[in-house]
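Both complexes below contain chain A, partnered by chain B and then by chain C.
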Partner chain A sequence: MSFETAYSGIGRLDRLSYGDTVVHRLDPRAKVAATILFAVAVVSFPRYEVLSLLPFFLFPILIGALGDIPAGFIAKKVVAVSPFAVFVGIFNPLFDPSTVAIAPGVSVSAGWVSFASILVKFALTVSAALLLIATTSFPGICRGLRRLGLPALFVSQLLFLYRYLFVLMEEAMRVIRARDMRSFGKRGTGVRVFVRIVGTLFLRTVERAERIYGAMLARGFRGDVPSMRRETLRPSDAAFVLAAGCFFALCRFVPVPQMIGRLVRGLAG
Partner chain B sequence: MHMADALLSPAVGGAFWAGTIGTIGYASKKLKEHLDDRKIPMMGVLGAFIFASQMINFTIPGTGSSGHLGGGMILAVLLGPHAAFLVMASVLTVQALFFADGGLLALGCNIWNLGIYPCYVAYPLIYKPLEGDGRSPQRILLASMASGIVGLQMGAFSVVLQTLLSGKTALPFGTFLLMMQPIHLAIGIVEGFVTAGVINYVRAARPEILDSSASSAPLAVGISLRNVLIGFVALAIVTGGALSWFASTHPDGLEWSIGKVTGKGELPEQEHGIPAALKSVQEKTAFLPDYGFKPSANERKAKEEAPSWPNVDAGTSVSGLIGGVLVLAMALGIGWTIRALRRRSAP
Partner chain C sequence: MSHHLLEFKDVRFQYPDGTEALKGVSFLITHGESVGIVGANGAGKSTLLLHMNGHLLPTSGAVTVGEVPLRKETRPEIRRKVGVVFQNPDDQLFMPTVFDDVAFGPLNLGLPPDRVRERVHEALRQVGALALVDKPPHHLSGGEKSAVAIATVIAMEPDILVMDEPAASLDPKSRRSVIGLLNSFAHSKIVASHDLDLILDVCARCLVIRDGAIVADGPAPEILSDATLLAENNLELPLTLQGRPAWEGTRR
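Right, the complex of A and B next:
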């Protein structure tokens, strides 16, 4: 992933998060809670489970559709981060060769089933996490985390990081562009040059932090980042978490696909 | 080497989340005791700096492949362990959200692997004693190398443990270890070299930054081995509690995963090489020796009775396949309909 694509990827997610839809208007805490419940429900399935996981796709699909999030963009990002899960999962077919019948006359090795299970879980959890940030502004998530009891120091750390992320990434982008224009092929991309670039960037960062601190002092900073916004959980937020929780529990404990399949076969026969 | 949600079980993810949240609370509390306000914007902006510098890649000498910075050690040296840990935790949180590196459940594991080892183990126990008075570039290089390598080795080992305890992979322990550790040895050497380079550069250009971070932060020396050990014992208890609870209520807990990895209920005895050495270390350090590696009789029964995938009869599996395809089609249909309706209603 080149620097520029990564940068524009973050920027696009960030812009999406300031949309105004049903999903965006939900309280950040409700969305964080639902996403975590979702992740726990999905990963709690045993490792040979594939079919029972499929109903869970309804959650990211609904959030994406109601939140007006482009599906292709999320799908591309999911694929882009998949290497580690694929790398670990691809060994399952090698080490778990006992065969299972997945349909009459069709058998595959059990390892392929568990590999498919890892991939489905991966797609579900990653797309849910991406949709959380695409439908919730980062400051909103930080306020939610603060309300959920995380230390104020850590939350203000997150807010500062977010505030200066784009500034410093642009600065780094200019540095890289300058380096690339002065180097041919791999010349100039070695560790020595890198160390100097990072060192310079660090010193500039420290000086920037000192100026920021001065500016904040002038505006009455006393070690805390207060927020004027008062947020109360509305009934719709509670209803959302409750509905999501019930849906996850249903899909976790009831084999929905098998039941629908049996029903359809019953109707057909 | 970000851990991924898909490879985790809820028990392992939850246990590491508990440990990580506890450490965030501990670091915030410690930091508040000695903090001057100046450090708050500094930490935030340095988090953004780590993020930005991770995106600048460089060519690793001799290989032609490109690497980038991890950052935990640089932060620990420049800010002290508590501040560095909070910065790393925030960087990893933003990465989990914006890049989906890992996922929400795995975030606890990732902060643990990439934050705690460099900041609370490698820095106080290896970097500090080795750097001496911090004036000699050679000693800084030595200290950075050693602590960079150890930090990353522990992180990589931790990824292996978390994956295997979760039982989603069929990789044997030894094989997985042999794949992860050497790669991270190479990464650790590069990380150590870069860390030393940046620290020496900063020392040459603005030495007062390093001095002030060391003097205004008694945390750097204030962290004692005792606290580290207490933290580890606490985590061990949390982990043990969560895992044993899960193992006894759920057949696919620890026993099950180890049974699957090794094909037996217990870890094989009398092996040679790394696994054997590790096992002897494990036996010496185990807080409850021999617990959790021996399925009890009723759990063994539960394992046999549990409906397993390979034994479903053909009729059920056909129903499942049809139903699964239908469910997926319905979900996609609902999403597509909502999108179409919204597009029509939009001006």
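Right, the complex of A and C next:
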């Protein structure tokens, strides 16, 4: 993946977060809380569980649909980071060869089941996290974290990171373009040149930081980034967290797929 | 209205590396004046501007804003009176949304939230950028960023507005709207630029700085039509004064 496509991917995620749907309008704190609850519920399942995890997909699907987020875009991002999960679980089938029956007449080694479980948990949590970012503006997430008790210093660091990430990436992109334009074949793209580019970008960043600090002082900065947003949680936000929490608890403690299976068999028989 | 005065008296400044950037600069700018500062690259324009709100302190000499002499401890007061718009809007706009950025100064002045909100809306209305209030700065165009950068400073209601290249790298239409904007302000204005047509349109008076000293100070139309003086300072006549028949350059 080239630098420019990586950059446009982040840019797209950021642009999606400025949409205006039911999901976007929810309080950032509510969405952060629901996402954390979701992740905890998913991860708390035992290692051989696959079937009981499936109902959880309803949450990201619902958020994505209501938030008007293109499913293909999120799916691509999940696949792009999936090598991490694959490496974590790829040896399970070797280390765990005892067999289990997954359907009448079909049995596989338990390692494959736990591997599948890891992949499903990974897809669930990562897509939920991506959807959180895609439906909540980054400043909103920061304000949410601040109101949930994260220290002000960390939050201002995150805000500056967000504000200047795009400036820095654009600068890096221009430098890399200039390098590629004058390097033919392999020459010029080696590690030594790369190290110098990073050095240049670092120096420019330091200079920029000085100018920004000057601009902050010029407008009366005295060590604290002020904010005057005072959002209050609306009943709809509370209802969202409550509903999501109940749904997660239901899926966590009640074996929904098995019940549906029994129901279907009951009807058939 | 003596509190809108800006006076430099024999200001000298040496950078820590020994470069003498200002070598005895004196001038007085009175209430409501609009003054252009022009000069070659490296003549000392930016150093001069950085003295106006105390970002740099003179090595010797005195800067006075209103009745307040510039010293380390009077800087916050000076910064309330003198608003500086820096050249690169990406340095000027550091908050995550336009609203937060314009509110930054007024909040630091300790204003109550409703007053802050009023000032933000008034400042954005003045620069014609009210529609951008909830956008993040990195989604703005160059012209929009410049307009918002000016709004962040006028929201603090300074007595004197100082600008470094307010229209650099703007397309002609955005540049024209910045000129219109500057002309709509009743503040005292100080504009440093290589865009001499902009100075001619906005400023009544013009200072020429060379090698850290003022070499000319007078009415802008007079100074900016002095071809010899301009040439000595790596400048040339403003395009509107060059009187070249429109098609001569391309005719064969």
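Operating definition for what follows: the second predicted complex is superposed on the first by the 269 of 269 C-alpha atoms of A that agree within 3 Å, B and C clash if a C-alpha of one lies under 4 Å from a C-alpha of the other, contacts with A are read in each partner's own complex, and residues count from 1 in each chain.
The definition used in the following text is that a residue touches a chain if its C-beta (ideal position, glycine included) is under 8 Å from a C-beta of that chain, and two chains touch if they have at least 3 such contacts.
As the structure is a prediction and not an experimental result, all values here were calculated from the model.
Steric overlap between chain B and chain C is absent once the structures are superposed on chain A; the two fit side by side. Legend: residue contacts after superposition of the two complexes on their common chain; A:Pro139 is shown touching chain C, with no touch to chain B.
For the superposed model, the angle subtended at the Cα centre of chain A by chain B and chain C works out to 100 degrees in steps of 10.
With both structures placed on the common chain, the touch criterion links A:Leu16 to neither chain B nor chain C.
Of the two partner chains placed around the shared chain by superposition, chain B and chain C are both touched by A:Val167.
In the superposition on chain A, A:Ala33 makes contact with neither chain B nor chain C.
Of the two partner chains placed by superposition, only chain B is touched by A:Leu203; chain C is not. In the superposed pair of complexes, A:Leu159 makes contact with chain B and with chain C alike.
Once the two complexes are laid over each other on the shared chain, residue contacts for A:Met216 go to chain B and to chain C alike. Comparing chain B with chain C, the partner in contact with more residues of chain A is B.
No C-alpha atom of chain B lies closer than 8 Å to one of chain C in the superposed arrangement. Counting contacts as defined above, chain A residues 14, 138, 159-160, 162-164, 167, 208, 212, 216-217, 221-222 meet chain B in one complex and chain C in the other. Remark: chain C residues 50, 53, 55, 76, 79-80, 83-84, 86, 88, 90-92, 94-97, 100, 103-105, 107-109, 113, 116-117, 135-139, 152-153, 156 touch chain A in the complex. For chain A in complex with chain B, the residues that touch the partner chain are 3, 6-7, 9-10, 13-14, 35-36, 39-40, 42-44, 46-51, 54-55, 57-58, 61-62, 64-66, 68, 71, 77-78, 81, 84-85, 88-89, 91-92, 94-96, 98, 100-104, 110-111, 113-114, 117-119, 121-122, 125-126, 128-130, 132-133, 138, 141, 150-154, 156-165, 167-169, 171-172, 175-176, 186, 189-199, 201-203, 205-206, 208-210, 212-213, 216-217, 221-223, 255-262, 264-265.
On the chain B side of its complex with chain A, the touching residues are 1-10, 13-14, 21, 24-25, 27-29, 31-32, 35, 37-38, 40-49, 51-53, 55-61, 64, 66, 69, 86-87, 89-91, 93-94, 96-101, 103-105, 163, 167-172, 175-176, 190, 193-194, 197-198, 201-202, 205-206, 209, 252, 260, 308-310, 314, 316-324, 326-328, 330-332, 334-336, 338-339, 342.
Of all the residues in chain A, the ones that touch chain C in their complex are 14-15, 18, 137-139, 142, 159-160, 162-164, 166-167, 208, 211-212, 214-222, 225-228.
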